[in-house]
Structure formats: structure tokens, C-alpha cells
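Some structures to go through are shown next.
Same chain, two partners: chain A is paired with chain B first, then with chain C.
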Partner chain A sequence: MWKNFCSLFRKDCQMMLDGKFFLVTFGSLMIYTLFINFGYVNFMNAELYNVYLFDPQGTQQGISELIAPVTSLEELNTVLSEDVNGVGIDASSGTPDIVFYFGSEKADHHRADYALSLLRQDKQYTARTVGTNTPELKKRKEMSCELLFIEIIAVGFLGIASVLFKEKQMGVIRVHAVLPFNKSLFIVSKIMVFLLSDLIFAGWMTVLNIGFHDAAGILPNVLVQTAILSLIMSLTGFGCTLLLKDFRQFSLVYLVIAIFAAAPVFLSANTSVKMAWIDWHPFYHVYMGLKNACFGVPVTNPVYYLCSVCGIVILFQIVQTAFHKEMGKEG
Partner chain B sequence: MRGLMYQLKSVWKDKFCIMSFLLPIIVALTLNFIGGIDLSPVSEFHFGVLENDLSAETVSWLERYGSVAVYESQEELITAINEPSTNMIGVKADGRSIQTMVSGDELDLFRQTADTLPSLYMGRENAKQISLTVLKRPDMMAGLQNIFIAMTLIVAMFMGCTFNAMNMISEKENGIDLVNQILPMTQSGYVMQKISVGFTGGCLSAVLTACCYFRLPVKHAILMLTLIILSAFTAALIGLFIGKFSESLMEGVVYIKIIMIIFMAVPLVSYLLGARGLISVFCYFVPSSASFEGIMNLADSNKPVIAKDIFILAAHGIIWFLLYLLISKWQKKHA
Partner chain C sequence: MIEVKNLTFSYRKDKQVLHGLNFTVGDGEIFGFLGPNGSGKSTAQKILTGILKGHGGYALLFGQDISTAHTQDFFSKIGVLFEFPYLYANLSAVDNLKYFSSFYPAKQLRDIGEILEKLEFKADFMKKPVSSYSKGMRQRVSMARALISSPELLFLDEPTSGLDPSGAVLFRKIIEEERKKGTTVFLTTHNMLDADLLCDRVAFITNGNIVALDTPKRLKEQNSHYRVQIEYMYQGRREEKTIEIPELEKGIPFRHDEIISIHSEEPTLEDMFIQYTGRGLS
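Let's look at the complex of A and B:
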């Protein structure tokens, strides 16, 4: 049995090599790494609102250095229309009048009070820091985790289809019906190729983008979560390939998964927008598992792991049934 | 004309194309009629406080700025502050004033807010007497939602490339491409038909999507239509390139995916990061940047200035078209 598995595994690896799958994966790793190291980390930042003061008579004394003075009302209007998040203070009448474009009700309260607070110099206060991550490390971890998730969901899912549809159309699956070995081996060998490739990808992605020193502690947990996601996605991809007629139909399912399944997960997991139904979304939990592992707080709830194992077993059973059906088409 | 009808009929039968056609319209309808996803929490601050620590007056003062979550113990509060998906600011009582806590990994915006919060608290009485002038933003598209809308419209405009690319690839796979070569049809006639297929699909999809979102005055509607027409034309030309260079359906799908990702990511990233100078000029090499800028401009201001965007899109159309002709000629010579 082991020998059969090895030869199947070798054949699958060869097919993936020929199909340039590994090349695509390697290319994505390079692009992601370049993007994180030279793009995202450097550019992504947001500062508090700019405050502009128009005070021709100089009535306001002891103002903060953060206030940018303007010389006329027209100039104040122009800067505000260009920087719509900015806040203007018109002190031409002697008492400050706060002017700004509507943002949202609560943010506007803060903008007005903040602008006003800059009119007097208070002693500098620094908030207490209770976390261990630096802003750069957080950005690196966040983006690495997101790209890892996208890669496995999108590229891995598409990759299994590219290999399997070829075999399906060529009738290779049906040939397996008469081959003297355990039929599950065919599925297991394919899934293993993708699992290994995903694990290697995840390992490199973590080390290259989070840094070896910081990655060492979190890597085992990241790999466990990657394995769960990879098994779910490759089994889903396998099932879809067997159940759907051709690549055209497959790409529709792919589109639905990529847009409708992944988008709400990203929205809920990365922002404070929480949708009530998101707890029912299986990808949300897997993504959060991956993200928490990246941030060094791995999921310890046994229910999560139990559900993941059950999900993988059920998917495997479905795939096995579909595989037998596909083999039996000519049998 | 008859040829074109056949082409459109074959596209109509292709589920992939129909799905691509309907996708942006469905998203538009969903966003429009369900009211979209509530994105207001993104622009708010989030504060975490300890139970029985702050006075009710302080809590309601914090609620003016954002949401306040109450935690039973210090550990729970610190865990919530460190939670990576939020930028929560912890607030504790400190005699007559307050203390703030941050995780240390948030954007400068939140750190600065936490640093200045005690000062705002001390000056809260003064703040009540201040006079405010809130200027109205054009409320056609508010906050982050307009980015969603512009992105959906970009997808609809540039989805046109799917129609003719898929059409050309399936012709290649079925051998019709070879038959075409012996039919009495000129190369230019063939190109025109293929462009028309992509152009019609992209235009229709984008117009329907735009109708779901906008109630524009006539002058703006004409500008929007010009943007749509030019974008759909460029998309059809890109589809022509994809169709020409992909040998199999799978290859074509991969190319379309890559192009759509680039077309969505470049304008979005440059908009969010506020790209200026040379980088913004480079962004215009991707045609969707000009379309995105045009749509945002049309929706955001009463006097839209989109002549530059129209010019860039027109230039894209001409350059891509000439490039395609040149490549075809070169290939014919070396065939």
C-alpha cells in the first residue's frame, strides 16, 4: 500500500510541476513578500485630523504646534474642501467657531473637541501601552495572515481543479477502477500534495514576512491552522471538480466562494463591523484561528478542533462517494 | 451585423459570461435595496472600560465619541485592547481625570486619540459652549460605501473583457477558429465583431449597475455614460488580447482573474493611500484608475472635472487598439 501511495504521490507531484503549479505558488510568495516588505508596511498609516486656524487678530494664545495657521477665510475653505477630514477654527470674531465637513455623528463630536483642545497647551500625556506588538509587526502579521488565507482559498482551490479536470477528461479516474489498490489512496495522495505545498508556503510566508525571530514561536500553531484550512479547501475543490461538469462551471463556484464567502469574513475579522450571522460562517472561525495563531494567541477551544476534524471527515466521505460515482460511470 | 448576432447568441448561452454579466448588477441591487452593510462602526472609536470604575457621566461622555464596552476584570479589558481586529482604547478613572491604555500596535490615529483623550476630558465643560458649523458633504454616496459602489461599477465596466475572451477561447477549443480562417471574412471584420461582443456586454452591465445606484442629473449622466463607453471599449480590447494569447479556457480564466485583481487593486490602493506625484501618474497606466477617479469625482462633487480621465481612457483605447493591430500584422508576416 505504501509503495502504491508513493508512486501516486510522485505522479501527482510531477503533474503539478508540469502544470506550473509550483511556479505559480513560488511567484505568489515572491509578490506577496515584496508587497508586504516594500509596500504595505511603508505606506499604510493614518494620522489624526489636521486642524487649521484662521485668527487674523491673534486672539488665541498658547496654541498647540499641531495647528496649521491660514491667512484668510477663503484659504480655510479651500484647505477644508481638499482635506475633508480636517477641522477648521475660525477665530476672526474673537471667539473660536469650529468648521468642518460632516463625517459621522460620533466622529464629528471628537473632531470638534479635539480641535478645541489644541487651542490650549496641556501637559503632554502618553497612553499606557499594554500589548507586545509594534505597529509594524502588527501590519506584517495581519497582511501575512490575509494573503495566506487568500492563497489557500483561491490558488489552492483553483490548483486542484487544474490538475483534476485534466485527469477527469482524460479518463484517468475511470482507469483507477480497475487498478489493484485502495481507492482512497488516489484522494489521499492528491490532498497530501496540496497539504505539503500549502504548509511549505505558509512556513516561508511567515518566516519571510514576520521575521525568523518572531515567527519561531508562532510557526507551529500557524502550520496547524494552515493544515486545517488546506485540507478543507482541497477537499472542497476535489469535490467540486468531481461533481461539476467542466472547468467553466467550476469557475462559477470559484467566483462565488472567492467573493461571497471570503469578503464577509475579511470584513468581520479585520474591522469592527460585526455581522450577526458571521458566527455561522465556517470560514470565519478558520480564518480567526489562523489570525489568532499569527498573533500568538492560538485557539484552545476543543469544540473548534472537533468541528474542524468532523468537517474534514464529512468532506472526505463526500469526495469518496463522488469519486466512486465518477469511477463507476463506465464501470 | 448578422455575424455579430451569432456571436452574441453564443455568448448568451455561456453560463460563465451570463454570471459575469449579472454579478455586478446583483451586488448593486443587494447594496441598494438592503441598504448595504452598516459601515459606520469603522469610523467610530471603540472604548473599553472596567465595570464600576468610571462614573455614568464619563461613560456617556465617551459614548459621544464611539461605542463603549464594559469588562469585568482588568485581564479581560487588556485582552480586548490587544485583540488585533479592533483598535480599542482602554479608559480608566484616575482621580478627577482619566487614564488611557492602548495595545501599542495600532495606527497613529488611535494612539494620538488615546494620548489626547484625558486633555479632552478635562476640557469637556468648555467644549459644550463652543459654536459649530457643520458643512454638508454631498450625500449621494457616504463614507466608505462609495468605494464599494465605485468598485462594483469598475467590475461591471471591465467585465466586458470576459465576454469576448471566453468567446474567442471557446472558438479556439471547438476548432471554429480554424474554420474562420477559411471563411470569406476580413481580419478587421473579425476584430470588430469580437470588440463589439465585449463592448456590448460591458456597456450593458455597467449601465444597468449604474442605474441601480445613481439618480444623476442629465449632464452628469452623459459624463457617466462617456466613462462607461470608453472603459467598456478598453475592456473589450483587453479581452481581445486575452483571447488571442490564451490557448485554453483555464489559462484564459487565470489571465482574467489577474487582470481584474490589478484593475481593482491599483485604483483602490492609490485612492486609500492618497497617491500623489509620480506614483499617481504610474497608476494611470492601468485604465481602471482613470475610470475610478472619474466615478468618484462624478458622485462626490456638484461640478465634476473628469476631462482628464476621459482623455486618459480615450488614449488607452487608441493605444491598445493600435498595439493589437501591430501585433496581428507582425504575426501575419511571420506566420
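Let's look at the complex of A and C:
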């Protein structure tokens, strides 16, 4: 079995080399790294958010000295309209409500969490961990995480399609049906090539953009989350390639995935856009798992891992069925 | 080698493509499976090679029920040539053969160079990518792939397709040599000449049914009119006459100066196919 796997793995690596996939991945890594190190960090000058509190009755105790108190709601609105990245807290009812400047489109949960963490320093908030990062490091981690997510969702997904569509067109999948090896190895080998490629990409992306010292602590968790996302995406790409007729149909599905899978996740995780159903969106949890890993907060919920494993197993079964169907097709 | 009893198959509930096939193929026999497109011959071959599951009836290969026979050991003993030359276009002939042969036990593998030479493959193309090959060259590499593992049972689907006449002759010679070594050949084809020249027995399949099964010779004989057509010269004129064969026993039964040609009116295998199935082979 090992010998057969090695044959398949070698051939898949050769196919990816011939298809210039590794070149595209390397190019992406370079572009992302240049963008983060010489563009994003320099031009998007990251500063700590200012947090303003309106608490006329003094209901909030033990607040951080980084919080600036205001005396009226009008003053809160005025200060937020001038400091569009600031976060306001209206505690006039006794319960702190987060207030962003009305026109701000940059509001995100991290800012809200950060503000609340300053308010309740003794309580548990993941944002407290975020708060230990320097503004630049926070920006680096955020952008590395987002680009890593995009890379695996988009490039990895397209990569497996480009390799597999070639094999489909050449008809060689049918030849494998009559070769003496366990047919699941054909799927496993391809998935492993992409998994390995994604893990190497994630490793370099983290080290180059977050720094070796800071990356060392978070890398194992980042790789675990990358592996989950990579397996889901490559199996999805594999299944779509087998089930769809040509690359044009695949491109449409890719757009659907980009619009309905990735967009809500980014909007919900990074902006003030609220979607009640986002908790049911599997990619949201994977994205948050990756983001938390980047910020040194590993996901410890066993349900998350159980669901991920179940999802991967179900996808593998679907792919296996589609693969057997493809092998039986006419020329 | 192969025993098939009441083999049925449906792609969907309302689309039955095989309606109870019955045939046997002996060890070392070349068995032709002839039928027009959509007749069910490829489906039958796919069931026998384990690509399609969910058939009815039963089939034995190597003495084992095919429902359980499709193990790695089974696939090690068969060689399959598909209708189209399925190869990795980015790899060379040698790399393709190295890759596909890597799944078989080393002891049963033939030498790649030797087999390509036997198939008269142009040596200077051996290391060039398959994408630069003609259809005939690709077919040669595909044949080499099917033969590389020294199979005991060879499934050939349109083996001479895409070959020039000399290539077709070469392939027929190679198939004949394989049979002499004891390999059983299951030949699926449209090509009546291949079937006539190679097969020990042929089955005509149409609409998922076998409508005739016998040796090509007997199939033709059974339907022969036992007549000959004679072309001759008489008093400077070229004439033609058709007579019953028994009439020849006492010599040419009519006046003539010179016999130009004598042709038997024995039907061809294609005539027989049309007679049995009511359809041509296109």
C-alpha cells in the first residue's frame, strides 16, 4: 500500500509542478508578504482604539485607565463622529452597550471586545489577549490570517480543480479503476499533496509576516486550523471537479462559494454587520478558529473538532462516491 | 476463464441495458464481443473488469464470483486496453509506463523498452511527452500499458482503432502471440476484420441481448448460399454467372474460353451481424 501511495504522491507532485501550481503558491506568498511588510503595516498605521464611556451613574467599576469618560450622550456622539475608529460605551442603563460612530464601516468585533475588555479587566475576554499585542503585531496577525484563509479557500480550491480537470480530460482516472491498488489512495494522495502545500504555505506565511519569535508560539495551532480548512477545501474542490462537467461550471461554483461562503464570514467577523445565522455557517467557525489561533487562543471546544472531523469524513465519502462514478463513465 | 449467467444491468430503474447475457470464455481463447454503439458491450466489459457494480445474475472470473473478485490480486491478473488511449499527456511513454506498472508486483512486469520496441514505437519519441504523439503512437503506448503486467486475461476495446493498416496487422500479430502464451482475450470491437481474423468465437450483442454466438466460420457457413460467382471470357466477351457449388463437381458447367475469377458468395461477418441484429455496426 505504501509503495502505491508513493507512486500516486510522486505523480501528483509532478502534475502540480507541471501545472505551475507551486509557482502560483510561491508567488502568492511573496505578494502577501510584500503587501503586509511594506504596504499594510506602513500605510494602515495601526493605533490603539480610543474607548469612550458614558456612565452617569458610575455603574462600571474597575475600569481601565485607557477609557476616556464623557459626560453626556451628545458628547459621546460628537467624539465618535470625530474619532471614527473609536469605540463608545453607553452604560447609562446600567448595562454597557457598544456604540460605534454611525458612519463607520470599520467597526469590528475585535474593537468591541477590546473596549469591553478594558471595561472589565477582571473578566474573561479573548480581546484581553488581543490587547497584549502591539498594534502593529495585531495588524500583522489579522492580515496574515485573512490572507491565509483566502489563499486556502481560493487558490487551493482552484489548484485541485486545475490538476484534476486535466486528469479527467485525459481520461486517466478510468485507467486507475483497473489498477491493483486501493482506490481511496488516489483521493488521499491528492489531498495530502494539497495539505502539505497548504501547511508549508501557512508556516512560511506566519513566520514571514508575524516574525519567527511570535510565530513560534502560535504556529502549531495555526497549522491545526490550516489543516482543517485545507482538508475541507481540497475535498470540496475534488468533489466539485468530479461532479461538474467542465472548468466553466466549476468557476460558477467557485463564485458561489466565494460569495456565499467567504463573504459572510469576513463581514461578520471583521465588520459591524450582524447576521443572526452566522453561527450556523461552518466556515465562520473555521475562520474564527484560525483567527484565534493567530492570536494565541487555541480552540479547545471538542464539539468544534468533532464537527470538523465529521465534515471531513462526510466529504470524503461523497468524493469517493463521485470518484467511483467518474471511473465508470464512458470515454 | 469467464462464465457469465443471466447477467443484467440497469443504469436507472427504467433503463435496463443488459437483459440476461449468457456466455463462457475458455482459457487461452480469443472471444469477440461485437455490437453497435449503445448495445451494451462496454457495459458488460465494465462489469467484468469491476468498474461497474450492481449487476444482476452472476459472472465468474478466474473461478471467482465477480461480486467479490475485484481485489488487488484480481486486478494484477488482468490487462485492459480502453477504447481511447488514456495516458498522462505531460509524461513521456516511458514515464507513463513506469507509473502505471509501479502498481503491479515487480516479478510479473515486462521490460518497458522491449515491449515498446515490439510495438514498433519510434525510439526517439520514448522520452517526449505524450501530447506530441500521433493517435497511433498513443494507441501503442496504451497497448504497452495493457501488456506490461503480463496479464492472464486481456480486455481489449477497439485495439486497432487509430492505427494505419500495418499497425493493425502488427497489433493482430501481437494479440495472436499473447494467445499463444496462454492469455485469454476478451475483444470488444466494431471491426469485423479484427473479429474474423482473430476470434475463436464471437458473440453478437444488440440491445443488451446476445443474438448469436459461434465461431466466425460457422456463423458464415450456416448462412451461406453455397454459390460461386464466376467471371469468364467467351467468344471475346466478358461475362459473369452464378452457380450452385455442387454444380462445380463436374467442372465448369458452361462454355467458356477463359476463367477470369471465381468468388464464393459466402456472407461476411458483417452481413451476418446485420442479418442477426437488423442493424449495422455504426
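Points to keep in mind about this one:
As a convention for this text, the second predicted complex is superposed on the first by the 242 of 331 C-alpha atoms of A that agree within 3 Å, B and C clash if a C-alpha of one lies under 4 Å from a C-alpha of the other, contacts with A are read in each partner's own complex, and residues count from 1 in each chain.
Operating definition for what follows: contacts are C-beta pairs under 8 Å (C-beta built on N, C-alpha and C of every residue); 3 or more make two chains touch, one makes a residue touch a chain.
Every value quoted in this text rests on a predicted model; they were computed, and no experiment measured them.
When the shared chain is aligned, chain C comes close enough to touch A:Lys11, but chain B does not. In the superposed model, A:Val178 lies in contact with chain C only, and not with chain B. Of the two partner chains placed by the overlay, only chain B lies in contact with A:Thr134; chain C stays clear of it. In the superposition on chain A, A:Lys3 contacts chain C only, with no contact to chain B.
On the chain A side of its complex with chain B, the touching residues are 43-48, 80, 84, 90, 95-104, 106-110, 112-114, 116-117, 120, 122, 124-135, 137-138, 141-142, 158, 162, 165, 247-249, 251-252, 255, 259, 267-275, 291, 295. On the chain A side of its complex with chain C, the touching residues are 3-4, 7, 11, 14-15, 18, 166-167, 170-172, 174-175, 177-182, 324, 327-328, 330-331.
Those residues of chain C that touch chain A in the shared complex are 42, 46, 49-53, 72-76, 78, 80, 82-84, 86-91, 99-100, 102-104, 145. Those residues of chain B lying in contact with chain A across their complex are 14-16, 19, 23, 37-46, 64-66, 78, 81-82, 84-87, 89-90, 99-109, 111-120, 122-124, 126-127, 130-137, 143, 249-250, 253-254, 273.
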